[in-house]
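Both of the next two complexes hold chain A, though its partner changes from chain B to chain C.
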Partner chain A sequence: MFSINLMPNILINTCVLGVMYILTSLGFAFIFNMLSSINLAHGALYMIAAYACYYISMLFGASNWVAMIISAVILAAVGLVLERFMFRLFFNDFDKIIMVGVAIMTILQTAATIASGTKTLVITSYATGSTIIGKISISNEKLLTFGIGLVLLLASLYLVNRTALGRQMQAVSQDRLGAALQGININKVSALICAIGCALAAIAGCLMGAYQGLSSTMGDTMNLRILMLVMLAGAGSMNGILITGIVMGFLDSLFPVIIQGNAASAAAIAIVVVLLLIKPKGFFGHEM
Partner chain B sequence: MKNTKKISRTSAAVYIILTLFFLLAPIFFKSRTWLNSFVMIFVSVVGTTSLRTIALSGNMSFAHSAFIGVGAYTAGILGKELGLSIFLSIPLGALAAMLLGLITGWPFARLRSIYFCMGSMFMGVAIIQFISAMKITGGAIGLQKIPSMSKALTGLFKGEVASAFLDKLGLGGVQLSYYFFLLITLLCMVILYRFEHSRIGWTLRALSQSPEVAASIGINERFYRQMSVGIGTFCAGIIGATYAHYSTTLSPNGYSMGNTLWLIMYMMIGGQGNFIGPIIGAILLELINQIPSLLTAMSGRPGVSVEFIAFSRFVGRYSAYTPFLTAVALLIVAYIFPGGLVSIPSLIRESSKRRKERKAVVLAEGGEDDAA
Partner chain C sequence: MSNILEIKDITVMYGKSVAIHDISLNVPEGKIVTMVGANGAGKSTTLKALAGIVPVTQGSICFRGEELVGQSTQEIVRKGIVLVPEGRHLFPHLSVYKNLQLGATLRTDKIGIQEDLEYIYDLFPKLKERRKQKAGTLSGGEQQMLAIARGIMASPKLLCLDEPSLGLAPVVIEQLGQSINDINKTRGVSILLVEQNVHLAFGVADYCYAMSVGAMVAQGDVDCISSTDAVRKAYFGG
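Right, the complex of A and B next:
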């Protein structure tokens, strides 16, 4: 049952989960805001990155870190391919985007199901032991996951808000034609954001694969979280995702402690449903 | 634009052939496995077609499987806990699905395309999470011991004359349930067909083309969207409820996101533009999914050659790979035939027509040259 002693643990889990949710959602939000397309396969990409990391480190005996970087590079390449053959080809063609997204999702999920079978796979931990801060002991795994996530998050925020590429991205998301008229190479910017978004999802997948274990449904779970984050934040809102990500992380780490079993995830969803029924267009976005 | 109001001769022929085939199927396919597969096909056909009714207004629902599940669970619980007869519990299940669809559709009716798709996806997962978290539904294990439909249907023919008649026709409980299922399916198809080819259907198409223009000529967007959601979820609910009484066990996994994706794949591979497209897609692809179990059942019969058994084992071993087939078919459709499978005949016709025209032009030019 709930007691005040559990509070530090819940807060730590909130931070870890929240950062991971935000990291994965960033790629989805990039594509959503700037290409106005929905990438249904984003959760599946996150999952397949974790599987790739596992198999690279298994088959080639590479260390986890190398495997993580290789899988991020592979996923970035996948992002480039997706941009070229999906988002650029079917820009503003909603049905086709859904078709291709669903097809990719099915292919990746089936591949993962066949690969793992009934076994439970876990990426070996990136760090062992634990650090004691004050009276609380935190496992290094969580600390590391949170640290990498935070660094990447800050880096992408810096990228979006402070660099030339980020300004170009914002310009494209505000007005595609206008941006093209100003000499911005839209295709290049789109390709870059797809690659970066997929690579971020891949790194989140590799970290979560060690933290929660691999399963072929982890992509679906993450897809749901991504949608919640983006829906709650609203269209065109980057900063909204940061807030909703932390909120979702808090709900997901609080409810398993106070409610037993299946009801925990249902309760978290119930709260989000109520919030969405109040404001279907999100809390931080601009009106469509 | 083609006048789609008039039913074309080819599609009418296809409807009649399909109906006759499924009417006569129990005579040729006596084993229960075949009938089960046909019933799965019916569920997919109604699910896909009703999903298309919702998609007609330009909004793709990702919660459709969940609504089938709501119908199934409502009917199952009503039949099991309250002992209602199937003729009450099935309509009530359908009504429950419709009601839930209308309630959840109300706030989302404001959303369009991408936003609706995300909202509904989310809604569907939420519904299934609730079903698997509740106690009355049996949780993640599922609902068991739902009163069977075949008992209720054979109970209708109580008298000696009636039962003798049934025996003469060779109709057991399984066949009766099959025909009941077929009846419900045909009923849903007629409802959906009439709905789509009424004025409301055209209004929905207008809404999907341009909501602003539609609003400017006085079409109430939310009302019409709600209407399509209501009809779509009603049909989803009724087929789910019928299935609950057919299979007598339900599990929340059968109605998860993945199943909605299957329905969407059936719809898009078949062709979203015509009423017949989803039907063809659902029948073909569901049949492909059922092939391993059908082969296994067939190889169990006496007098089957060794090669056939080996073949069915081979297919059974690789049955996990069938989703690849469907996904690749979807990719092919997306990149090569945007109209889906049903658009292939018209594509061929058009290309041959174009070739003829080109030939005619060449001939005409040649003739002129000769004259000069």
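Right, the complex of A and C next:
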């Protein structure tokens, strides 16, 4: 049952989940805005990155930090391949993009299921112990997950708003012909942004794989969050995603405490659906 | 006098239909050349072919001695041809300043970029005032100024303007003409101007071409051409 004593914990979980949701959603949103493509495989990429991290560290005895970085690099390369052979090839072909997305999702999920069998895998913790802040004890795992997520988030904001690549990405999102006429190499910008977006999802996957454990369906759970975040924020809004991410994180932290079992997740989704009915185009304006 | 641009007998197809055929056109170094013609004549298509936006099926485009056909838009911009397209194609959710920065995408000379920015703010003081405002919220006239200004930020040798007067009030068109002249005279930029507004076009241009249904039908100095049949029919009601 809910008691006010649980509030600090709920807020801490909100921060951790919120930041992870946002981090994963950013790549999806970049691709959505810049390439007008819905990447249904984004959640699966997040999932497979976590598995890659686990197996790299297990098979090669690498520390899970090293494994995380290798996994992110691999997923960045996957991003490059997807841009070249999916988004560029099927540009403006909604049906094909969706079909290929579902195909990739299915393949990755099957691969993960085959690899792990019935075992429950967990990436070993990046940090152990806990830190006492004020009267509250927070596990270092959560602090670290939040901290890394926050740093990457700030870096992403900097990238989008302050760098030439980010500016060019926004230009491509807002007017492709206009962007081409400025001499922007649209394919190159798209490829780089895809790589970065996939790497961000990978890192989130590696962190969540330690925080919540691995499962071949963790990508589906995340996919749903991504879609809700981006829809709630509205197309082309990055600041919006920051806020909807925190809201989503809060719902996912609060409901499991006050509602039993699967109903918690359903309740969170129900709220999002209601919000979308109120504002089908999302709550935030275009600024990306 | 040497030509900065020589277009020779180019043909452009959209699918199986011919949009323009055997178009030839020269722009002398440092001059303003205008291209007029009715709707659908193929003026924008000619400019898009020049900018590498649509592929050229036949013919050659020679810019300062180099062949452009087959080159990417990026390479063409780098060589110094900039197109300010019909409909402006600004980045509506970005500030005026960022739009201008994007105009200078391929440049690395920080000092030159800063100088050009100052020149633009001088030429269009409104843009300086509104540099933090989103481009999409500017008035039509201001948006056109920004589109041209963004073009100048690329430091072009040849600036191509596609119907800059579209939707502007007469007094704004007047200013536009002065700005085009200024860009040409003080910066030495050659200009290829596509216009429906013949008063603007003939007011600033040194030389004129007239297009009709995908072909070049007349050319000459502004004084002579305004009296040719083709142009009279298209613009002065016969």
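Assume the second predicted complex is superposed on the first by the 284 of 288 C-alpha atoms of A that agree within 3 Å, B and C clash if a C-alpha of one lies under 4 Å from a C-alpha of the other, contacts with A are read in each partner's own complex, and residues count from 1 in each chain.
Throughout what follows, a contact is a pair of C-beta atoms (placed from the backbone, for glycine too) under 8 Å apart; a residue touches a chain by one contact, two chains touch by 3 or more.
None of the values given here were measured: they were computed from a predicted structure.
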First (chain B), second (chain C), both or neither touched by A:P280: first
Touched partner set for A:V230, first chain B, second chain C, both or neither: first
First (chain B), second (chain C), both or neither touched by A:L157: neither
A:D220 touches, of chain B and chain C: first, second, both or neither? first
Touching partner for A:Q170 - first (chain B), second (chain C), both, neither: second
Which superposed partner A:G183 touches (first chain B, second chain C, both, neither): second
Chain B versus chain C as contact partner of A:A115, first or second or both or neither: neither
Which superposed partner A:V257 touches (first chain B, second chain C, both, neither): neither
Residues of chain A touched, compared between chain B and chain C (which is higher): B
Common interface residues of chain A - those touching chain B in one complex and chain C in the other: 288
Touching residues on chain B, where the partner in the complex is chain A: 60, 107-108, 110-115, 117-119, 121-123, 125-126, 129-130, 132-133, 139-140, 257-258, 261, 264-265, 268, 272, 320-321, 323-324, 326-328, 330-331, 333-334, 338
Chain A residues touching chain B - in the complex, by the definition given at the top: 32, 36-38, 90, 94-96, 98-100, 102-107, 109-110, 113-114, 220, 224, 227-228, 230-231, 235, 261-263, 265-266, 269-270, 272-273, 276-277, 280-281, 288
Residues of chain C that touch chain A when the two form their complex: 51, 53, 72-74, 77-78, 82-83, 85, 88-94, 98, 101-103, 105-106, 150, 154
Chain C contact footprint on chain A (complex, rising order): 164, 167-168, 170-171, 174-175, 177-185, 236, 286-288
